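As structure tokens, here come the structures.
Look for chain A in each of the two complexes below; its partner is chain B in the first and chain C in the second.
Presenting the complex of A and B:
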């Protein structure tokens, strides 16, 4: 994989707070990566630094091998759509025209058809748009820019489920025709999980998980049933969490479950429930040690 | 949770895509020699990353069940259906009989009773070769 984005030892300090702490990530050309983590984990800071809108305290950031800050040749090939993006006092059509001047691959037909899908009228003043419509405008610009590096930072404030599905579908469709490097930060992991080729999970400024998304599915399983049977089944397996209630136990365990395991669980009267990507990320965010373990297991 | 046309988060999506395609070939929905949906068609249909869809197709291609025709796409290979059916038959014991026997043992259903139940269920379905 050719790295388009390469971040090494990136630290960003604010006065009394470390927003990013020694972050290193490499992102290849033509991939959709989910940037996941709790609010305040450092996702926005990372995206803003990638877009050259903020500076690292230390460490290196390269896009196409070049530092992005104040670098026109990089920034013309990059778009960042922010949560609650603000616009000058203009109407939607003018906002799109301004974006088209900046982005060399701009597709105005795509922009109009996206606005149609989202039900946003081009002659409306941006300041009169609802919050969701403003998000729709941001998404429209982000997709129609067809930028080689496309960054979405929680782009859907105020968008309902239907509009968000439009976003996911249109992103996939346009990405299929015009592959590019997409980074999407979101807390709606369940919704967006299937879009991701890779996921990067940030917790308190540090990368706790950086791996192929599909490899995580089925990797963590909740085993529940009678205590003795659960403990016998999970013996020798790494355990993330163990809870008991009377004679019943529920244990979260890491590692693929084979056909023989399944058969054995059945004969022991145990239930096996795989964790979804969302449940997994929630746990990884709260427990760096566990996530580190998982990362070493899935990268093998 | 978005609808992924029947896929779930329980295991790798690429494997589920491969299984779906294999199932369609085995059931005759995709005939031998027929073109298989492209990576992008699958990605759009299942609402998944195209790389994931491509990986699913590659599982079957590596297995010789699909063959690539340069510039046109992937096609169901000759003999694919026969091979898939043979494989399913080989897995029948593990997938269906073993779990049934475990449950029967747990419930204290003996062999005679089990045969009787199978026959009965077969009749209800309008006749199964028992």
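Presenting the complex of A and C:
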């Protein structure tokens, strides 16, 4: 499979900081990838460079095998929805009309039904929209564009839980009918986790985890119970974190848990809780070495 | 549809700000002039030239980010914006020439007003007025575009540096005695004499040449602007 997005050795330096440090990622056609990491980790910079809005200091970026910057043949098959998008003094209808001229697969019916779902009036000036409505406009453009490469950067700032669910549902429904390559950066990891086929975690400008989401499920487990039993169970397993409180211990361990393991845990009186994606990202961002270990295990 | 044309159309989704605002300002100035019943705002037509400059700044400064989000390249955005400015200058120049003809025919709107006539610059036959105002409006619009591009690329400090740079260049060109800043003050009569030897059409040619310089400079600036 030829990758749709391929990033090699990408570095972006600003005056006193390195926003991206030797990033290499490939993303295949027809997938939804979660781009996760803390604030300031470099997610937005990466997406802006992919969309040709920002320039790399070094390294290469290819989309459909071509550099995206100032390249119309790439850019018309790409859309980037940004949390901090600035608009000129136009109203919602004008913004959508302009978007329809630039995106060859634009679906006007989808755009107006999304606006209805989000409760955004088409004749409202963009500058008078609330934060959530502005996000809804961005999402509407991002979905109705049906661009082969669809990039969402924190698309739902200010949206309530119902509107976010509308976004997830509409994204999945439209993706099923018109598969494309979606890269979605978000802080609400557990909420969006079910969407992701792949996960890329960035921390301080570096990729600390790049793997299939399926491989991650059940890969990291918290074992809790009496100290002696926990220690006996986790012996020989890689341990990320260990906490004890009196005679009780709680240990985060990496590796699939087999049926025999479960049986044994039950007989030892231990609780096994799989780590959610969000907890996993929190730990991966805090402890890069552990994430590296995880990446090698899950890609094997 | 060509991307350049799409960009020009995209700008025209908001015609109230451009070309609406420059013409509304001019109409307001004219109305005030008429209401005061006389010729106390001579050469008022120059107002629209200033407004074209401001429009150029805004069209680049405020419209670039969403244009790139739509998938336009900087190149086509810049070219489409210039196309908008130049075509609006062409139409506006013709309207100015028409209003000037009416002003002449009616003896200054019946009130001896010289609003659409500027001595020496815009005071010839209708086609000369059309040409000079077309070139003048275009040059100021693309000059504004260059400011917008500088702002997008380097922010407010960049704009200040850009202005300082132009002041230095002007001083360097206009200084009859290099190194002596104050000689600049005495040199205006010298510059004035030079300008006086040029006809309005010569000046139009100079403005056209400057417009080309502004266009090239603005393009070089916007090429690496990030949003």
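Observations
Following the convention adopted for this analysis, the second predicted complex is superposed on the first by the 300 of 300 C-alpha atoms of A that agree within 3 Å, B and C clash if a C-alpha of one lies under 4 Å from a C-alpha of the other, contacts with A are read in each partner's own complex, and residues count from 1 in each chain.
Basically, a residue touches a chain if its C-beta (ideal position, glycine included) is under 8 Å from a C-beta of that chain, and two chains touch if they have at least 3 such contacts.
These numbers were taken from a predicted model, which means no experiment stands behind them.
By the touch criterion defined above, A:258 reaches neither chain B nor chain C.
Once chain A of one complex is fitted onto chain A of the other, the partner contacts of A:176 are limited to chain B, with no touch recorded for chain C. Of the two partner chains placed by the overlay, only chain C lies in contact with A:90; chain B stays clear of it. In the superposition on chain A, contact of A:215 is made with chain B only, not with chain C. Applying the stated contact rule after C-alpha superposition, one finds that A:17 touches neither chain B nor chain C. Of the two partner chains, chain B is the only one that A:196 touches; chain C does not reach it. The residues of chain A shared by its contacts with chain B and with chain C come to none at all.
Against chain B, in their complex, chain A makes its touches with residues 31-32, 165, 168-169, 172-173, 175-177, 179, 190-197, 213-215, 217-218, 259, 263, 266-267, 269, 274, 276-277.
Partner chain A is touched in their complex by these residues of chain C: 1, 3, 6, 9-10, 13-14, 17, 62-63, 65-66, 68-76, 223-224, 226-227.
Contact residues of chain A toward chain C in the complex are 48, 51-55, 70-72, 75-76, 78-82, 85-90, 94-95, 97-99, 101-103, 141, 147. In the complex of the two chains, the chain B residues touching chain A come out as 1-2, 4, 7, 9-14, 39-40, 43-44, 46-52, 55, 94, 98-99, 102-103, 106.
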